[in-house]
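In the two complexes below, chain A is the common chain; its partner is chain B in one and chain C in the other.
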Partner chain A sequence: MSTPLLQARGLQKSFATGDGGLFGQGRHRHMAVDGIDLAIEPGTTLGCVGESGSGKSTLGRMLVGLIEPDEGSVTFDGQDVAKVAGKERAALRRNMQVVFQDPLLSLNPRRTIGQNIQRPLRNYGVGGSEAEDRMARLMKMCGLDPAQAARYPHEISGGQCQRVAIARALALEPRFVFLDEPVSALDVSVQAQILNLLLDLQAELGLTYFFVTHDLKLIEFMSQQVIVMLKGSVVERGTSAEIWQSPKHAYTQNLLRSVLRLGSTPDWARFAASETSSVIP
Partner chain B sequence: MTQSTTLTLRPARFGMLSAITSDKGAFFGLIVLGIFVFAAIFAPLIAPFGPNEADPMLRLGAPGTAGHWLGLDHQGRDILSRLIWGSRLTLATGIIPVAVGALIALPIGLLAAWYDRAGGWILRGMDVLFAFPMALLAIMVAAFLGSGVGNMMISLVIVLLPYNVRVVYQAAVEQKSLPYVEALRVVGTPVRTILFVELLPNVASAAIVYATTIVGSMVITAAGLSFLGLGVQPPGAEWGIMVAEGRSVIFIAPHVAAIPGLCLSLLVIACSLLGDGVRDALDPRIRASFGA
Partner chain C sequence: MTYDPSGRGATRSAAENQIKAGQLSTSGAPDDRLLDISGLTVDFRTRRGISRAVNDVALSVRRGEILGLVGESGSGKSITALSVLGLVPAPGRIVAGQIVFDRRNLLQLPEAEIAKLRGRRIGYISQSPRAALNPSFRIREQMDVTLRACAPELDAAGRADKARSLLEQLGFADPERVAAAFPHQLSGGMCQRICIAMALAGSPDLLIADEPTTALDVAVQAQILALLHELNRKLGLAILIVSHDLALIRAIAHRIVVLYGGEVQETGDVGTVLAAPRHPYTGALLQSVPDPDHPSARLAFIPGFPEPVPPDADGCRFAPRCGFAFAPCLSQRPILRLVEDGVRARCHLLDPGMATP
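And then the complex of A and B:
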């Protein structure tokens, strides 16, 4: 067992709810994430499943530093993220990227998809023809035609938007990517294409994923390890086979039953084969 | 790809122009405004007389007087010529304060939206200005600064500021909550780039639309200030002044006040029609319905 790439200890985050009244008397704090530990091995995927509002996105946001935890720490590659500052912090941060749920809304609507992909490069001082070249390479890698770079996000399909978002996330050559329900806004037929693209990229680039979903079906397909979240806490964890075959917690059993009730037993081999990987549709 | 064919693939600019020209009201507004702007630019070439050139013999001549289509005022000045010359100051007092106000409001509104705490104080400060009726505040500021066209424009900018900042602030807050802003942060975009490069164009459209809708009321307010002696000073040609001067002869020669008054109304209507059209044209959902 290698050392984890990303480790979190005792992560906690609460949000103020209610308007608080004139003297703050009505203010409550709502625990979105309540003391979570986790570790992700390099090159693997930690799946995270739970119902809406269980704190999955909040947890992921803390992992990549989009929000600060109230308590607890995040360690990336042996370094406590909160303890580095300035340039080193920026260097750490570029290793952690995010692919968001809504592909269209996660791109700037007034910028071409090429400009959207080049933004991270320009942030780090890469411009001109070098940025163009790298953009073209990223687009090809993500199954996009570089000739489409001049289009606007609303002119391409949702699946293509998500490919653009993935290309942008990979522009800084990160080692860790937080995938926040990357396919839940997409048509079922497109979902498999995007998931396969993500798996291919992981194999090719040795990426480490934190994959969030509220869809238990996708977990086994994508991840080695799984955590099941309920109201800000982890109620069950294990390998995805363990969770799928012998769920211990009543909540997981319920989740699993609802999946089985909705559809037939998942046949991931067929699901995976039904799509020819990341080839341009 | 099915989705891409249903939407226009043409650049947004063409879509916008065709959206405006296919909207009858906006098209009318554009034409009227175009005529006024043309008159303002080419005044020396097209005005039959100078703005203060008088023929006392023909004082208060009615429209149709030989050589003076629109008649003459109480000093015997050609009304058409004064309208043409006056369009310069009228448009300037209507458009410049609105444009300057929007430019100043953009950074203020963006910063207020980004930094919650500072934003709260900025908006609180704007609320103080909101407490005064717009015209009253304009009169107070203009009176404080002293009369003159420049001071009048400054007072209009100040009066407009809280409105402009609100508009930008609201648009920026809306944009800020969209996932793409979070995505920009994740890829290490500095705050100044997020605000002034990425968000600015998305927020500016709201400011532009608002500006086009208030040009009309600014012209009216400016005319009001001139009327009160706080703006353009007689014998300067400006439509508001012309209405004011015509007031004294309203019963014997109503055309002296009515004609510039009509032009003012036309300008206000044209601006608000065009503003509505621009608003619709900037909304991609509405624009799509115009077809490509």
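And then the complex of A and C:
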């Protein structure tokens, strides 16, 4: 067992809900992430499943420093992320990148895809022909034709856009990438292309992923270790085979039962009774 | 006209003529087709020219049947579904074909007549239940508006009763509380159940469900599907369900229609088609979904991405992305060929007269 690249201890984050009324009497705090520990080994993928509102995206955002945790710490390569500042923080940040769910929303629509990919390079002082060269290399690596660099995000397909977003995330040669539902907005036939690309890039560049999804079928395919989240907490963790074949927690078992499989007829009575944590007023 | 889903080509043209006259078919032949679409062609006129979203699509939904319509974005699946409701968004226009619902050609009915069918005979639920509901009104008020349109014979008290019983039927234990809520106070799954309740308000014969579970979590998806399954079984409600998820269609539908590039590529009994797909597109689609029951290190994938099709395009729509394409695929449009009992596929590879590579 090698040293983890990324480690989190006791991560906690709550958000204020409601407008609070005139005297703040209606104010509540919603615990989005409630005390989570995790460790991701270099070159591996930690998958995270859970329904919407379970806190999985908030957790990922804390791991890459997009959200400050209320409690707890994130350690990247031995450094406590919260304790570094200035240049060191910038150096740390370039090692942690994100690919978001909807590529059309995460790319700048007023910049060409080439400019989108070059943006992080320019932020870190790489410009001119060097940035152009790196952009072309990144585009090829992600299955894009560098001749398309002058096009705008709305002129290319969703799958192509997601390739651009991945190229941009990899521009600074990060070691860790947070993949936040990277294929849920894409067509089935294109999903497979992007998943394969992510696996190829991981093998080639030794990347470490935190992969968030609500689709259990993707988790099994993408990750070695899995955490299952419910209402801000981890209810089960294990290897992806363990989770798929012998889930221990009732919530995980229910999730797995709800997965539609091509090879079997669904148990409708069970489906109808499947428990959901729907919020009732 | 190339494709006759029932295989009753001989009796078809006579029936067609009657339908064209806007009359009931009185030929006496028992016809279990509730919805029968043939030759449906929809064009979108844009600044860049005409793009054909749906090309010569034929499909039918029998009474009491669930038909699954599968395709990716741009395949024409939603436009086909919206055509039935007369709701093709501008600048789209139905340029050919007919849509026969309960033996009346909808395309020849005046708008007022179609409006009577919509909601009462044909229900519709969309992909985004939250967007389908008005955020500023309580569920009770929204259901009342629907019932006013669908059941004009009821008075206010009757409508309230009906709304309550619809909510109960949809599995809400406490219909009063749900009726008093605003959409934002309810979960996505609850909103979709309310949309279904409203779609059922007029006791329709056909429910069109356009990706009804795409925006929902997996356990909620299972719940909604179980509900649709039950409505079909208990009420004999015919459902046209649109999805890109083959496993979902496999679970719930009786028959499947696979669309690509606005054309029907394969159709037949859902079990038969998915167990042994005849069209390369269906096969590729099946393989591009990870199957944890049969893990693999990589996924088979379809290269490229779907592209808009000009109306005068020759050849097979899938040929540019097909691993089996050979010369004729680029120049000749394959016909939808009967390959085995009830299964039809549009591929030159299935043509015994075609010299394969």
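As a convention for this text, the second predicted complex is superposed on the first by the 259 of 281 C-alpha atoms of A that agree within 3 Å, B and C clash if a C-alpha of one lies under 4 Å from a C-alpha of the other, contacts with A are read in each partner's own complex, and residues count from 1 in each chain.
The criterion applied here is as follows: a contact is a pair of C-beta atoms (placed from the backbone, for glycine too) under 8 Å apart; a residue touches a chain by one contact, two chains touch by 3 or more.
As the structure is a computational prediction, the values presented were derived from the model and not from experiment.
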Query = If you stack the two complexes on chain A, which partner ends up touching A:R89: first (chain B), second (chain C), both, or neither?
reply = neither
Open item on the list: Let me test your reading of the model: by the given contact rule, A:S189 touches which partner, first (chain B), second (chain C), both or neither?
Closed with: second
Just to be sure I read the superposition right, which of the two partners does A:S52 touch: chain B = first, chain C = second, or both, or neither? second
Chosen between chain B and chain C, the partner touching more chain A residues is C
Going by the contact rule set out at the top, does A:R9 touch chain B (first), chain C (second), both, or neither?
neither
Query: Does the superposition put A:H249 against chain B (first), chain C (second), both, or neither?
result: neither
Going by the contact rule set out at the top, does A:N123 touch chain B (first), chain C (second), both, or neither? first
| message | If we overlay the two complexes on their shared chain A, which of chain B and chain C does A:N108 touch? Say first, second, both or neither. | response | first
**Asked** Which of the two partners, first being chain B and second being chain C, lies in contact with A:A171: first, second, both, or neither?
**Response** first
Discussion item. Once chain A of both complexes is superposed, is A:S157 in touch with chain B (first), chain C (second), both, or neither?
Written reply: both
Residues on chain A touched by both chain B and chain C 157-158, 160, 281
Listed in rising order, chain B residues that touch chain A in their complex are 1-4, 7, 9, 12, 178-180, 182-190, 193, 198, 201-202, 284
Per the touch rule above, chain A residues touching chain C in the complex are 51-52, 157-160, 187-193, 195-196, 199, 214-218, 220-221, 244, 254-255, 257-263, 265-266, 268-269, 271-272, 274-276, 278-281
Given the complex, residues on chain C that touch chain A span 72-73, 171, 177, 181, 185-190, 217-223, 225-227, 229-230, 244-248, 250-252, 274, 284-286, 288-293, 295, 297-303, 305-306, 321
Residue set of chain A touching chain B in the complex reads 64, 66, 90, 93-94, 96-98, 100-102, 105-111, 119-120, 123-124, 151-152, 154-158, 160, 165, 168-169, 171-172, 281
